[in-house]
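Both complexes shown next keep subunit A, but they swap its partner, so subunit B is in the first and subunit C is in the second.
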Partner chain A sequence: MSSFISIFMLLLPTVVLGMVPRAAPIFAAALGENIDQSAGTLNLGVEGMMLLGTIIGFVIDFKTGDFVLAFIVAGLASALLALLHGIATISFKVDQVTSGTAIWFIGWGLSGFIYSSLFGKASSPPAVKTIPTLYIPHLTDIPYIGKLLFGQDPVVYALFITFLVAQYFLFHTKAGLNLRTVGEDPLVAEIMGVNPDLYRYFALIFGGFMAGVGGAYITLSLVGSFYFDMTAGMGFIAVALVYFGKWNPLRVLIGSLVFGAVYVLYLALETYFPTTPYQFFSMFPYIATLILIILVGARAHAPAALALPYIKEG
Partner chain B sequence: MNIRKPIQIIFFIILALLISSLLLLIDHVSPIAGIAELISGGFLTHYGLVATINDTIPLLIVAVAIIIPFIAKFWNIGGQGQYIFGSIFATWIGLELAGSLPGALLITAAIIFAFIGGALWAMPPTLMKIYFGTNEIITTLMMNFIAVYFLDYMTIGPMEGSIAKITHVPSSAPIPSPDLLPHIGGVSTGIFMALAIAVIIFILLRYTNFGYELKLIGSSIDAARYAGASLRRDLLLSMVLSGGIAGIAGMIQVFGITTVLLPQVFSDITTSFGYVGIPVALVASLNPLITIISAFFFSGVLNGAYAMEISFGIPIDLVITIYGLMMFFAVIGVMINLGRIFRRSGAK
Partner chain C sequence: MMKGIVKRFPGVLAVDHVDFELYPKEIHALLGENGAGKTTLMNVLYGVYRADEGQILINGKQVRIRNAVDAQSNGIGMVHQHFSLIPVFTVKENLSIGLRDGGFRLNLNQIKLKIEEAEEKYGIEIDIDKKVQQLSVGEQQRVEILKLLFRGASTLILDEPTSSLTPQEVVNLFKSLRALQSEGKTIVIITHKLYEALDIADRVTVLRKGKVVFKAIKEGLTPQALTEAMIGRSVELSNYKMEKVSSRNSLIVEGLSVMGDRNEEMVIGASLEVHAGEILGIAGVSGNGQKELIESIFGLRASKGGRILINGHDITKYGVKGRIKAGLGYIPEERKTRGAAISLSLSLNSVMHDHWGQPYLTRGAFNYKAIRKFAREIISSFKVAAKDESVPARDLSGGNLQKFIVGREMMRNSSFLMSVNPTSGLDVGATEYVRNEIVSYRNKGGGVLLVSEDLDELLALSDRIVVMYRGKTSKPVERKDFDKLKIGAMMLGEGFNS
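What follows is the complex of A and B.
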C-alpha cells in the first residue's frame, strides 16, 4: 500500500499536467452535449460526430497544413451530421435514441471509409505535426500552476473561452433561459413566444460542431495521426459526463478534468506495473464512468422534456 | 396489418442504399456497378449466399435478444458485451469438458453456460437501473468496452491456445471437431436454433402476460404501474433473457463458425454483431419475425460489401455507414405519411 502511495505521489505532477489535454476532447463534446440536452435533445450520435471530426480534421490538416481550418471544417462536418439528427428528431419526431444510434453508425463508418479511401491500408500511418503549445510569456513561470494554466495549446484556450461564454449564456441571458425552458417544457416555451424547434436545431448544431472539434483534437493534438475508432467510447463518456454535471457546464468541466486524470493515470500505471495485464488498466475509464454515473444516479434532475419530441397539439 | 408502413420502409431502405452508393464516387467507382456487385456478392453467388446465411445466425439472435428490453423502452445497447461473455463462457466449458461428454450433451452445456455468461454481464446495468436509476444506454455501452478488454485478456492470457503461443496470433485452443455444430452445404445448423429463438420470442412477446406488460411499460410507465405490472421484475427478467440469448449467439458463433475464441477490435464491424443487431431490430420495428428478414438483409449487405472490397477496393467500413443510413431512413419512413404528402402535392 505504501508503495502504491509513493507511486501516486510520483505520478501526481504527470497527471496534473497531462490531464488538461486529455480532458479537452471529452469536454468539447460534453459541453456541446450539455447545450443539446438543456434544450431537450438527447444526442447519442456524439460518438459518430467525434469520429467524423477525427478524420476530417486529420485530412484537412494533412492536405493544407492549416490546423485552424482543420478544426473548423471538422466542426462543420459534424454539425452537418447533427443537422441530420435534428431533421429526424425535431422535424420528423423520430425517437431520439434510434436516430442517435443511426448517426453514430454513419459517422463511425465514414471515418474508417474516408481514411481507407484516401490513404489505403498503409503499414505506416501518415502523420501530421501536432498543434504547437502556446506558452504565455511570464505567466508560465508561476510555480505549480503556471504551466498548467498558461502552457496549453491554443485550442484549449479557445475551449475555455467557449466554456465561459456557454456558462454565461445558459444561466445569465434571456436566450439561455429560453433554451432551458424548451428543455423543460416546450409548450410553455411556445406560449412565451419562443420557437422550440429553432432552439433545438441551434443547440444540436452547436453540439455537433463541438463534437467535431473534440474529435479533431484527438488526431491533431493528442496523437498526430489517425487510427480506426480512435475515440473508443469517448463520445458516450461525454454523454455520461453531462449527467454527472447535472446539466451545468462548470460541473461538466470538473468531471472532464477528472476523466483526463483517469486517462493519464492509466497510461502511466501501465508502465509502472508491466506485469499486470494492460487490459485491466485500459478498462479504467469505462469503470470510472460506471462509478461516476452510480454516484449521480437518480438524484440527477434531467430537463423534463429530455428525449421527448415536441408535437404540437391539434 | 397495415401494408403501407412496410412498403414505405422498404422504399426508404432502397433510398438509403442509393445514397450510400454515391459515396463510391470518392473511390472513383460507378455507383451502379457497386450496387450490382453488392447485391450479387451478398445474395446471388453461391459463396456469398452461404456466408450471408451464416452471418444471419448471430445477427438474428442478438437482434431478437435486444428486442425484448427495447419493447419496454429499456435501451440495452450492451448486446456486444453480452455476446462476448456468452462466447467466453461457452468456449471455457467446451474446452473443459471436451472428450468427457458426448457432443450433443456438451453443446447443451455450452448453450446453458453461454446463457449464464451473457445474462450475468447484463446484470450490472440492470441492477444499477433498478437501484440507482442510472441511464442504461451509457452503462450497457461501458460494459461492452470492458468486455472487449476482458476478452482480449482471456485470449492472450488464461485461455490462450498452444498454437497461439507459437504463432502469436491471439486465440483460444480450438473446440474439438466432434463437439462443433454440424454444417449442411456450408451452412451452420445454428440457423435452426436462430429461427427457433426468433419464433419463441415472438410468441413470448405477443401471447404472454410478460410480453404484454413489457409493451405497456414501453408505452407508458404510469399505465403499466396502474395495470399492476411489476416494473422491477419485468425489467430484470427481460434483461436476463436478453443477455442470455445474446450470449447464445456468441456460443453459436464459436461452435459453428470460428471454432476458437478470438479477440475483437472495436472498429471491426464484421465481428460486431452486438452493435449491428441494433439497426437490424429497429428496422424490423421490433418484430422478431420481421427481424429474420432484416437480419438476412443486413448480413447480405455485409457480404456484398466484402465483394465490393475485393472487386473494387472499396473499404469495408462503408458498410457501417450503409447500416446507419438504412436505419436512419427506415425510422423516418415509419414517421412519414408518404401517401398524404403525395396527395397534398398533387392537389396543389
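What follows is the complex of A and C.
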C-alpha cells in the first residue's frame, strides 16, 4: 500500500502537468457536443468527426507547416460532416442516433482512406513537428503552477477562450436562451419567433468544428504523426462528459480535466508495471468516466427535446 | 374577422367555410363539442395552421398570418391548452425567449423591471424568479397571459382555459379577464362548457362539425338553446341511477407514502377505502399526488410506507401482475401510451392483462381463437366503432379506443377499477357512454376509484369524494354533503393542516 502512495506522490506533478494537454482534445469535442445537445441535437458522430480532424489537420500541417491553418481546415472539414448530419436529422428528420452512427463510420473510413491514398507507400510513417508550447521568462519558471498556467501550447489558450465565450453565450445572451429553448421545446421556440432549425444547424456546425479541432490536436500536439483509429473512442467519451457536465460547459471542463488526469496516470502506470499488459491500464480513463457519470448523471435534467426531431404540423 | 375559412386535414374537413367576427373590447365565447373545429379555427388565426381557403381581415384590411410571429405582430396572442412554457426555466427567462430588442446580452434584471411594470398595469401577480415547474396550473396560465401582454397582444385567445382550474381559480381568471377587457383588450374563450360561455361572454359563436351553427349576443340566451346548437338535438343530461349494493368487499389503502419522479414525497400517509358497489371520487388540482397514488396502488411505483389490501388480503408486496390477479383493473389517462399498445391489434390489446394464462395461453402459445373471441365481445358489448378486431389500436378514434379499454378492464372480471380522467378529450356522446358504463359497473357490484380533474364529473358519479392536497387525503365527503364550492376550497388546502 505504501508503495502505491509513494508512486502516487511521485506521479502527482506529472499528472497535474500532463492532464491539460490530454484533456484538451476531449474538451474541444465535448464543448461542441454540449452546444449541440443544448439545442436538442444529439451528435453521436463526434468520434468520426474527430477522426477526420486527425488526418486533415495532419495533412495540412505536413504539406504547409502552418499549424493554425491545419486546425482551421480540420475544423471546417468536420463541420462539413456535421452539416451532413444536420441535413439528415434536421431537414429530413432522420433518427439522430442512426445518422450519428453513420457519420462515425464515414469519418472513420475517410480518415483511413485519405491517409492511405497520400502516404500509403511511405516506408516509415511521416511525422510533423508538434506545436510549440509557450515560454514566458520568469512566469513559466515558477515551480509547478508556472508550467501549468504559462507553459501550454496556444491551442489550449484558444480553447479556454472559446470555453469562456461558450459559457457566456449559453447563459447570458438572448441567442443562448433561444438555443436552450430549442433544446427544451422547439415548438415553443417557434411560437416565440425563434427558428429552431437555424439554431440546430448552427449548434451542429459549431460542434463539428470543435470535434475537428479536437481531432487535429491529437495528431498535431500530442503525437506528431497519424495512425489509424487514433481517437480510440474519445468522441464517445466526449458525449458522455456532456451528460456528466449536465449541459454546463464549466462542468464539462472539469470532467475533461479528470479524464485527462486519469489518462496521464494510465500512461505512467504502464511504464511502472511493464509486466501487466497495457490494455489493462488503458481501460482506466473510460472506467473513470463511467463512474463519474453514475455518480452524477442519473438525476440531471437533460434538454427535454434532446434527440427528438422537430416536425411541424399543418 | 375571418371570412370563409376552410381547413382540411387528411380525410377530415376540420373547418368548413367559417365566418367569424370579433369586435374590439369584447369577450367572445367560441363554443362547441370536442372536435367541432374551435381550436383548429383559432390556430388558423394564430398562424399555427394555414387555411386552405378564406381570408383574415383586421379593420377591413386583409392580412397574411403564416406563423405565430405574424399573429403576434398583428396583436394576436393565444394560450393553448398545453402551455407554451419551458418548465425548467424561470418565469422571466420564459418571457425573454425570442426577444429582439436591446442588444445581444440577456439582461434579466432589466427585463425583470419591464415585466413588473406589465404585472402592475394588468394586475397580475406572479413571482417571476420562480421556475415555471414550481407554479400551479393557475399561475402558469397567468404567466402565459402575461407573456402575451408583454409582447403587446391586444387580442387574447384562450383555449379551454378553465379545464384544469379549481372553481375558485375560475372565478379569479374571469375577474382578470374582465379587468383586461376594461383595459381595452379583446378576448376569445374557446370552451365546451356552456355555463362558462353564458357567464363571461358578451357574444357567442357555436361551431358544430366545422360549421358555424349559431351566433348571438348574450342577452336572452338560454342554456337549452345553446345545448341544442352544440349537439344538434336536445339532450337530457342523464341522472345516473345509483343502486344500493351490499357487499363487504373493499379496496383499502392505509397510510400510503410514495415518492415522486423528483425524489420528493408526493403521497404522504394517504388513506382511503373503496367498497364494492361504490364509486369513490378523488378530487384535487393535478399534481397533488393523484398520479403517484394510483400508480402505487397498481404497483407501477414503489411505496415507501403503508399497506394496500384487497378484500382483507395484503397486496403491498405484490408486483403489477399479482395485483391484476387479485382483481385490480386500471384505466389510465394516457390511452395511447399506457392504455393500449397502439401498433398492436385490438385482439392482442384485449388480453394485455390476461395473456399469461388460460384460455389465452395454452401450452406456451397464444390461443388466437380465444383472444379474437374476447376482443369481438368487447367490441360488440361496448359499441366500439372498429372494422374488426384485427385493426391496430391506433386506427381507433380517442373515444372508441377509450370505450375499448374500459370494456377490457370491465369484462375481465376485475372487482376494483381505477380510472383517471376517463372522459378527458371525449365528445359528449362518448363521455355519456363511458360514465354510464362506470355507473353500471358499480351497480353490478364493482368498486371504482375515480380520479378526475373535472369536478362536475366527480360530483355526478361519486358516492363519496376524497380530496387530495399536497399528497394528503381528506376525510371522505358523503354524496348528500356534496357542495361544489366547499370541495373546491378543500382542493386549495382548506381543512388540511400543513
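Here is the rule we go by: the second predicted complex is superposed on the first by the 304 of 314 C-alpha atoms of A that agree within 3 Å, B and C clash if a C-alpha of one lies under 4 Å from a C-alpha of the other, contacts with A are read in each partner's own complex, and residues count from 1 in each chain.
Here, contacts are C-beta pairs under 8 Å (C-beta built on N, C-alpha and C of every residue); 3 or more make two chains touch, one makes a residue touch a chain.
Remember, it's a predicted structure, so these values are computed and weren't measured experimentally.
In the superposition on chain A, A:A189 makes contact with subunit C only, not with subunit B.
Ranked by how many residues of subunit A each touches, subunit B and subunit C are led by B. Touch criterion met: A:H172 reaches subunit C, while subunit B stays clear of it. In the superposition on chain A, A:S117 contacts subunit B only, with no contact to subunit C. In the superposition on chain A, A:E270 makes contact with neither subunit B nor subunit C. Judged by the touch definition given at the top, the superposed model places A:T181 against subunit C, while subunit B stays out of reach. When the two structures are aligned on the shared chain, A:L84 is found in touch with subunit B, with no touch to subunit C. Listed in rising order, the residues of subunit C touching subunit A in the complex are 43, 48-50, 67-69, 72, 84-89, 93, 96-100, 104-106, 263. Every residue of subunit A that touches subunit C in the complex is listed here, in rising order: 172-178, 180-181, 184-185, 187-194, 299, 301, 304, 313-314. Taken together, the subunit B residues at the contact with subunit A in this complex read 23, 26-27, 75, 77, 124, 128, 132-135, 137-139, 141-143, 145-146, 149-150, 152-153, 157, 265-267, 269, 275, 278-279, 282, 314-315, 317-325, 327-328, 331-332, 334-336. Those residues of subunit A whose C-beta lies close enough to touch subunit B in the complex are 44, 48, 84, 88, 92-95, 97-99, 101-117, 228-229, 232-233, 236, 239-240, 243, 277, 279-280, 282-283, 286-287, 289-290, 293-294, 296-298.
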